[in-house]
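You will see two complexes here that share chain A, one where it goes with chain B and one where it goes with chain C.
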Partner chain A sequence: MSGPYLRYAAKRLVQALAVILLAYVFTFVVVSILPGDPITNVLRDPQNGFTEDEIRQIIAAQGLDQPILVQLWTSLSHFLTGDLGLSVRSSRPVTTLIAEVLPSTLVLASSAFAVALLLAATIAYGTQFLPKRFGQGLLRGFPSLFLSVPNFVIGLVLIHVFGFQLGLFRVIAPNSFWATFFAAIALGIPISAQIAEVLIANLDHESGQDYAAVARGRGLGQFRLFAMHLLKPSSLPVVTIVALTIGELLGGSLITETVFGRTGIGSLVQRSVSTQDLPVLQAVVSLAAVVFVLVNLIADLVYPLLDPRVKLVGGPKHRPTTADDSSAGTPQAVTS
Partner chain B sequence: MSLIADVHLTASRRLTSLRVPPTVAVSFVIIALVIAWSLAPGLFTSLSPVNGIPADKLLAPGTAHWFGTDHLGRDLYTRVVYGTASSVTSALIAVVIAAVTGGLIGLLSGFFGGWVDIVFARLVDVLLAIPHFLLAVIVVTAIGFDTTNAAIATGVSAVAVFARVMRSEVIKIRQATFVESSFLLGGSRWHILLRHVLPNASRSLLPLAVLQFGLSILVIASLAFLGYGDPPPASDWGLLISIGKDYLKWPWLVYAPAFLTIATVLSVNRISRWLRKTD
Partner chain C sequence: MAPQDGLTSTLIRPEFAAPRPLRSIPLLKVDDLSVAYGAHQVVTDVGFELGRGESLALIGESGSGKSTIARAVLRLLPSGSRASGRVSFDGQEILRMPERGFRPLRGRAIGFVPQDPGNSLNPVRTIGAQAHEAAALLDEPDRAMRKQLILDILAQVGLDNPQRVYDSYPHQLSGGMLQRVLIGLAILPRPSLLVADEPTSALDVTIQKRILDLLSRLQDELSISLLLITHDLAIAAERADTLVVLKDGIVQETGRTTAVFASPASTYARKLHADVPALNPDRYAGLRDPGFRRAKAEPPKIEVSAVTKTFTLDGQTLTAVDSVSFGVPAGTTHALVGESGSGKTTTIRLLLGLEQPDAGTITVAGEQLNGRSPTELRAAWRHLQLIYQNPFTSLDPTWKVEQLIREPLDRFRIGTGQERDERVHKALADVGLGQHLLARKPGALSGGQRQRVAIARALVLKPDVIVLDEPTSALDVSVQADIVEVLLSLQAELGLTYVFVSHDLALVRQLAHTVSVMHRGRIVEHGTVTDIFDNPRQPYTCSLLASIPSGVTDVADAPQPQLIVAAE
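Moving on, here comes the complex of A and B:
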C-alpha cells in the first residue's frame, strides 16, 4: 500500500459517494418534477376509494405539501440514514417491501452472473483451440448474435422449448430449480456476450505480442502458450468490464422476472410503475445505483493490486488529458 | 507518368476500400427492406393490420399467410410490416436524442474543460450509475406510456455513452496540429469549435449511432413488451411478441416478430462494425 495508491483509493471513494448522492437527487428530480402529479392522481382514482380526508393525511404523511426543495432535503437525509420512506400504495415501509423480494432477485442475478462468466469463458477461450477455418468463425459470431436478441425472446424460447415441448419445468412454479436455471440462462446470455467480446479482443491482442511470437518460436504448443502466457494478461482486465455489467444484470432482471413470472425486484418495479408508487421506484433506482457504484469501486480498487502494469492516473494536481482517459480516473493498463 | 500511376493507384485503392463483404451486403439488403416496409407498408401487403377474419384465427404459417395468423385472424406478416414504421421511427428518435444531447455535452466538456467538464462529468457518471434499462423505465413512467415517450426515455438512457465518446474524441482533436495552427492564425474559439473540432469529432459518433440504433430497437421492444408503449392494436415488434407470449401453443406468434427484430438488429450491428473498421 503505497502513497499513490492510497491517494487514488481516497479519491475514488469520495467520487463514489458523490455519484451515489447525485444519483439520488437525479432520480428524485426525474420522478417528482416531471409533468403531472401521479401520486394524487392515483389517490384520487375513485377505484381506490380514499376519502378526501384520507388523501390529505397521506399527502401530509408523505410530505407532499412541502416545497420541492424541502421534500428533496428530507428525503435525502432519510435516505442517508437508511430510511426509504413509505409506499404510497400499501403504506408499508419501502425497505420491508424490498427486503421481501430481494433474496429471489439475488438468487436469479447471481446464477445469471455465473452463467454469463462460464459462457463467456467457453466462447472466448474456445476460439484459441478451434481451427481458424472450422468453428472459430462461428464461435466469434456468438457474441454479436447474443447482443442482437432481446432477452425476453431468449426467455420465451426457453419456456417454449424446455417448458412446453420437453416438459423440463412447469411455468406455474417459477421458483423451482429448473425454472430458475433457465431464467438465469435467459438473463445471462446477453451479458456473456459483452464479456466474451472483451475477452476475445484481449486474447487477440496478447497473441499478437512479441512475447507470444517468441514463445511460439520456442516451440510451445497452442495449449501451453494459452495456459502459461495468454490466459492471465487477457483475463485480468475483464474485472472492470464485469463490474460494469452489474447494471445490465439489475435492469435485465426486470424483464426476465416478468417473462418467467418470478417475484423479485423486477416485479416490484413493474407493480410500482403501474400504480405510480414513486417512493418505491425512487428507492429501487437509488439502490441500483448504490450497488453499481460500490461494485465498480471495489473493482477499481482491487484491479491495480492484481495487475502491476497498471499506472494510476488522475492525481489532484496533474489532470490527465490523454484521449482514452475517462474523467473518473480509472486505472489503465499500460501495454504498449 | 508517375502522376498517372498515382491517380490510378488512388482510384483502385478507393475501389478496394469500397468493396463490401458479403455479410455486410446482406445486412444492407435487410435494412433496405425494413426501411421500405416502414415507408410504404401498403405496397408489401394487401391485407389489413387491424381487422382480421375470425374464421382464419391461429393458422400456421403457409403460402396464404407467410407468418400465420393471430388470435383475431389477422395476418401476422401484415401486422409485422405495419409495425415496422413505429419500431424504426422510435429507434431513430432515440438515437437522435442520445447523439445530439450526448454529443453536445461531450463537445462542450471536452473543448472547454475546467468547471464545464467537471459538472458534465458528474452528470455522465450519474447517468452511467443507474442501470440504463431502469433509467428508461423511470423516465417513461414520469412522462407517460406511449411509443414516442418510450423512444425519448431510451434516448435519455443512452446520452452518457455518446457524451463519453465525444469528449474523448474532442480532447484528441483539440491537441491536433491543424487545430493549433488555426488558433495561431487567429481563429476564435467558436470558429475552431464549429469548423474544426465538431466535424472531425462527429465522424466517430457514426458507428456508435448505428450501433445505438440496434440497441434502441431492443430497448424500445423491451419497454413495449412490458406494456409501456402504445397499446394494441398498434403492432410494434415488441408488442407483437408480448401478445404472442400468451399464445405459446402457437409459437409463430412469438418467433416471426422475434426473428425480424433479431435480423434487423444483427444487420445494424454488422454494419456498425464494418463502419468502424473502414473508418
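Moving on, here comes the complex of A and C:
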C-alpha cells in the first residue's frame, strides 16, 4: 500500500459518502413532492376516529408542520445515526422490518451472483477451447439468448419443470435449498449473459494481440497461453461490469422473489408501495444506493491493485524507469 | 550519448554458442510457398534458402507478403489462412507437421523478434514473469539458476540494470529497452534461427541502429541464422548476406547482397533502390537547388525567436521547447529533425498557434502570431496550412474527396460556387490526381492518394506556408518518393515555404534547404543542409547521421559469408 494508493482510496471513500448523502436527499425531495400524504391519510381514516385537534397534535409531535428543510435535516441526521423511522402501517421500526427480510434477499442475490460468474466463465472459456465443429458458435449465441429471455419467464419455467413436474422442491416452502437454488439460477442467467459477452469480446481481443503471438513464438501451448497471458487482462474489465450488474441483481431479485413467493426486500417493497408506506420505501431506496455505491467503491479500489498500468489520480504511481534508451548502451559484465 | 563500443566487449558464455554448423544442408529451405487468406492470395511460389550462421533479408513494401512468410515459417499464421509448398527447417518439413510436433521447435530452435515492442509483451505481467516462459525451455531445473540466466541475457543485450528490468512492467520501459528484452527472450533458449519481423520500424533512428548492431553482434557471436524482414533496402543491404526482394507476394529478385545491391536486375529492385532516400541523396537536386539562391536572397517568411513552452504533468514541470529560434526564407524548406520527445511536434504546434508559448515571439509573413485571439488566428491559418502525418486517420472516411478538398474554401467563404469548383479541380490536378477520384471516399484510395488529397486540401487555400508533420512516415518508400516529388514541384512552381518535421535524416538531406537539429527541447545545431550533413559539429548530430543506414556493411571484421548451396 503506497502513499498514492491510500490518497486515492481516501478520495474515493469521500466521494462515495457524498453520493450516498445526495441519493438520500434526492429521494427525500422526490417523496415529499409526490402527491398524497400517507400520514394524513391514515389519521383522517374515519375508522381510526381521531379528532382534528388530535391530528394536529400528532403532526406537530412528528415535526411534520416544520419547513421542508428542517424536516430534511431531522431525517438526514436520523439516517446518519441509523434511525430510519417507523413504518406508517405497522408502527414498527423500519430497521427491524428490513433486518427481517434482508438475509433472505442477500442469500438469493449472492447465490445468483455466484451462478452468473460461474456460467459466464464456463461459456466464455468454452468459446476459446471448444473446436469450431463442436458447437463453439452455439456457445457464442448463449449470451444473447440469455439476455433476451426475462428472468421471470426463466423462473416460471424452472418452477414448472423442477417444482411441479420433477418435484425437486416444494413450491410452498420457498426458502428451502432447492427453491433458493433455482431462484438463483433464474436471477443469475441474464446477469451471466452480460459478463460472458464482455469476457468473450476481451478474450478474442487479447488473443489477437501481438504479445499473444509473441508468447506463442516463445513456445507456449494453447492452455498456458490462456492461463498465463489472456486470462488476467481479459478479466480486468469484468470487475467494472460486475459492479454495474449489481443494480440489475437488486432489481431482478424483487421480481424473482415475487415469482418464487419468497419473503425478502422484494415483498417488503411490494407491500410498502401498495400501502404508501413512505418511510420504508425511502429506507429501501437509500439502502439500494448504499449497496450500489459500496460495490462500485470496491471495484474502484481493487482495479488499480490488479492492473499495473492504471495511473492513480492524485499522484504519479509509475514513473518510467528511464525516459529513453540512452542508458541502455553500457552493459555491465555479469560474473556468475 | 553513451558510446556503443562497450557492447562488443561483453563476454559470451560458451554454452550460448550454437554447435559448429553442418554446412551440407541449409538450416531453412522454403520451396514454392504459397499462402492465401480466404480467396486472397498473398504469397505465391516463394522459395529461398538460409544457411547456418547466415542472414537473409526479405524486402518488400506493405502487401508484399514478407511478414506472412515469416509467420508461415513460425507457423503463426492466423486461422483462416491456407499455406502450401514446403518449408524445411534443419532437414525437417515443418509446414504440414502436426502442431504437437512443431511446438518443441518454436522458441527452442526458432526465435521470434516482433515488429512493435510496445505491444509485444503482456502489459499486466512483469518482464521477469514472461522471461521465465522463455527460460522454461532451457534444461535447467533450478528456478534460481534460471533467473540468473535471465539476468545474464538481459545484461548481454545491453540493458543496464537487469534486476530492475526483471521487476518492471512493460509500460515502465522505453521502446528500445523493450526490444532489447524481446531479443534477449528470443535468444535465451539458444535458437539456431532468429526471425526478426521489422524489428526496428517502431523505434527512433539512433535506437534503430543500436538494435540492428545488437542483432548483428549476437548473430556473429552465437552463430545464429537471421531471417530479417524489412521494408528498408538500405538496412537489408547493411545487415544481410542474401536478399530476397518481394512484390505482391512474388519474388522479384534474389541473390547475394553485394550483387543485388550493386546491380539490381529486376525493374522493381531498381525502382526500390532509386526510391530509398539514404541511397540517393541528390535525387531531387534539380527541383530543390534553385531554392538555395532564394535562401540567400529572400527575407525570412517565418521567424521564431526564443520560444519556450513548458508543460506541467503530475506536478513536474517539463520544458518541451526551450528557447528555440529559427528563420525560414520565403520559398525554401526548413527541416526540424529529432527523435521522439525532442520537442519538434510542440514547436510546430506553437508555430500554428495551436499552443501559446510561455515566452518568445513567432512571426509569419511579418505578422506576429503569438498572443492573438482565435478569430485573428483563423485569418492567419488561411496562409498557414498543416499536413498531417497519417493520411489514414486525418481524412474523414465518410466524406468524398471533393467535399474534403472543398471544405476549407467553404469555411473561409472564398469565391463563388463556380470558383470553388475550379479551385478544387486545379488543386487535384496540382497534386497529380485524376478528376475521376472526386466522387470517391478515402477508403477507396491508396495511402499515397490519400496523402495527395491531404496536400490538395491544404493547397486549395493558396497558402504561402505549409507545415508538414512527418508527411511520409506512414507510407511506403516508393509512395514516399512520389509525394516528395509532388511537394518539391509545387514549391518550385508556386514558391511555397515549407516547414518539414521528420525523424528521417536521409529524407531531409534530399529535400531541405536549412535544418535545425532538435534534442530534448533545444536546437542543438542549425545550418544549411550541406553544413549539417557534411560538417556536423555537435556529437548528437553526428550520432544521428551515423544512424542513417548506408547500405554497406561497416563491420570490418565481419566473417566472410559462408557458402550457401546455390538454388539454381
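Here, the second predicted complex is superposed on the first by the 276 of 336 C-alpha atoms of A that agree within 3 Å, B and C clash if a C-alpha of one lies under 4 Å from a C-alpha of the other, contacts with A are read in each partner's own complex, and residues count from 1 in each chain.
Here, contacts are C-beta pairs under 8 Å (C-beta built on N, C-alpha and C of every residue); 3 or more make two chains touch, one makes a residue touch a chain.
Here the structure is a predicted model, which means the values were calculated and not measured.
Asks: Using the touch definition from the top, say if A:P308 reaches chain B (first), chain C (second), both or neither.
Replies: Once the two structures are laid over each other on A, A:P308 reaches chain C alone.
Asks: With both structures superposed, pick whichever of chain B and chain C touches the larger number of chain A residues.
Replies: Counted on chain A, the partner with more touching residues turns out to be B.
Asks: Taking the superposition as given, does A:F292 touch the first partner, chain B, the second, chain C, both, or neither?
Replies: In the superposed model, A:F292 contacts chain B only, not chain C.
Asks: Identify the partner contact of A:V19: answer first if only chain B is touched, second if only chain C is, both if each is, neither if none is.
Replies: Touch partner of A:V19: chain B, not chain C.
Asks: Once the structures are superposed on A, label A:K232 by its partner contacts, choosing first (chain B), second (chain C), both or neither.
Replies: Only chain C; A:K232 stays clear of chain B.
Asks: Overlap the chain B and chain C contact sets on chain A and report the shared residues.
Replies: 321, 323-328.
Asks: Within their complex, state which residues of chain C touch chain A.
Replies: Touching chain A: residues 1-4, 6-7, 9-11, 74, 76, 103-104, 106-108, 110-112, 114-116, 119-125, 129-130, 133-134, 137, 148, 151-152, 155-160, 162, 164-165, 168-169, 171-177, 180, 182, 185-186, 189, 204, 207, 210, 314-316, 339, 341 of chain C.
Asks: Give every residue of chain B touching chain A within the complex, in rising order.
Replies: So the residues of chain B touching chain A come out as 117-118, 121-127, 129-135, 137-139, 141-144, 164, 167-169, 171-172, 175, 214, 218, 221-222, 225-226, 228, 238, 241-242, 244-245, 248-249, 251, 254-255, 258, 261-262, 265-266, 269-270, 273.
Asks: Touching residues of chain A toward chain B in the complex: what are they?
Replies: Per the stated touch rule, the residues are 15, 18-20, 22-23, 26-27, 30-31, 34-36, 144-145, 147-153, 156-157, 159-160, 164, 247-248, 250-252, 254-255, 258-259, 269-270, 273, 276, 281, 284-285, 288-289, 292-293, 321, 323-328.
Asks: Can you list the chain A residues touching chain C in their complex?
Replies: Contact set of chain A toward chain C: 209-211, 213-221, 224, 228-229, 232-233, 236, 306-309, 315-316, 318-334, 336.
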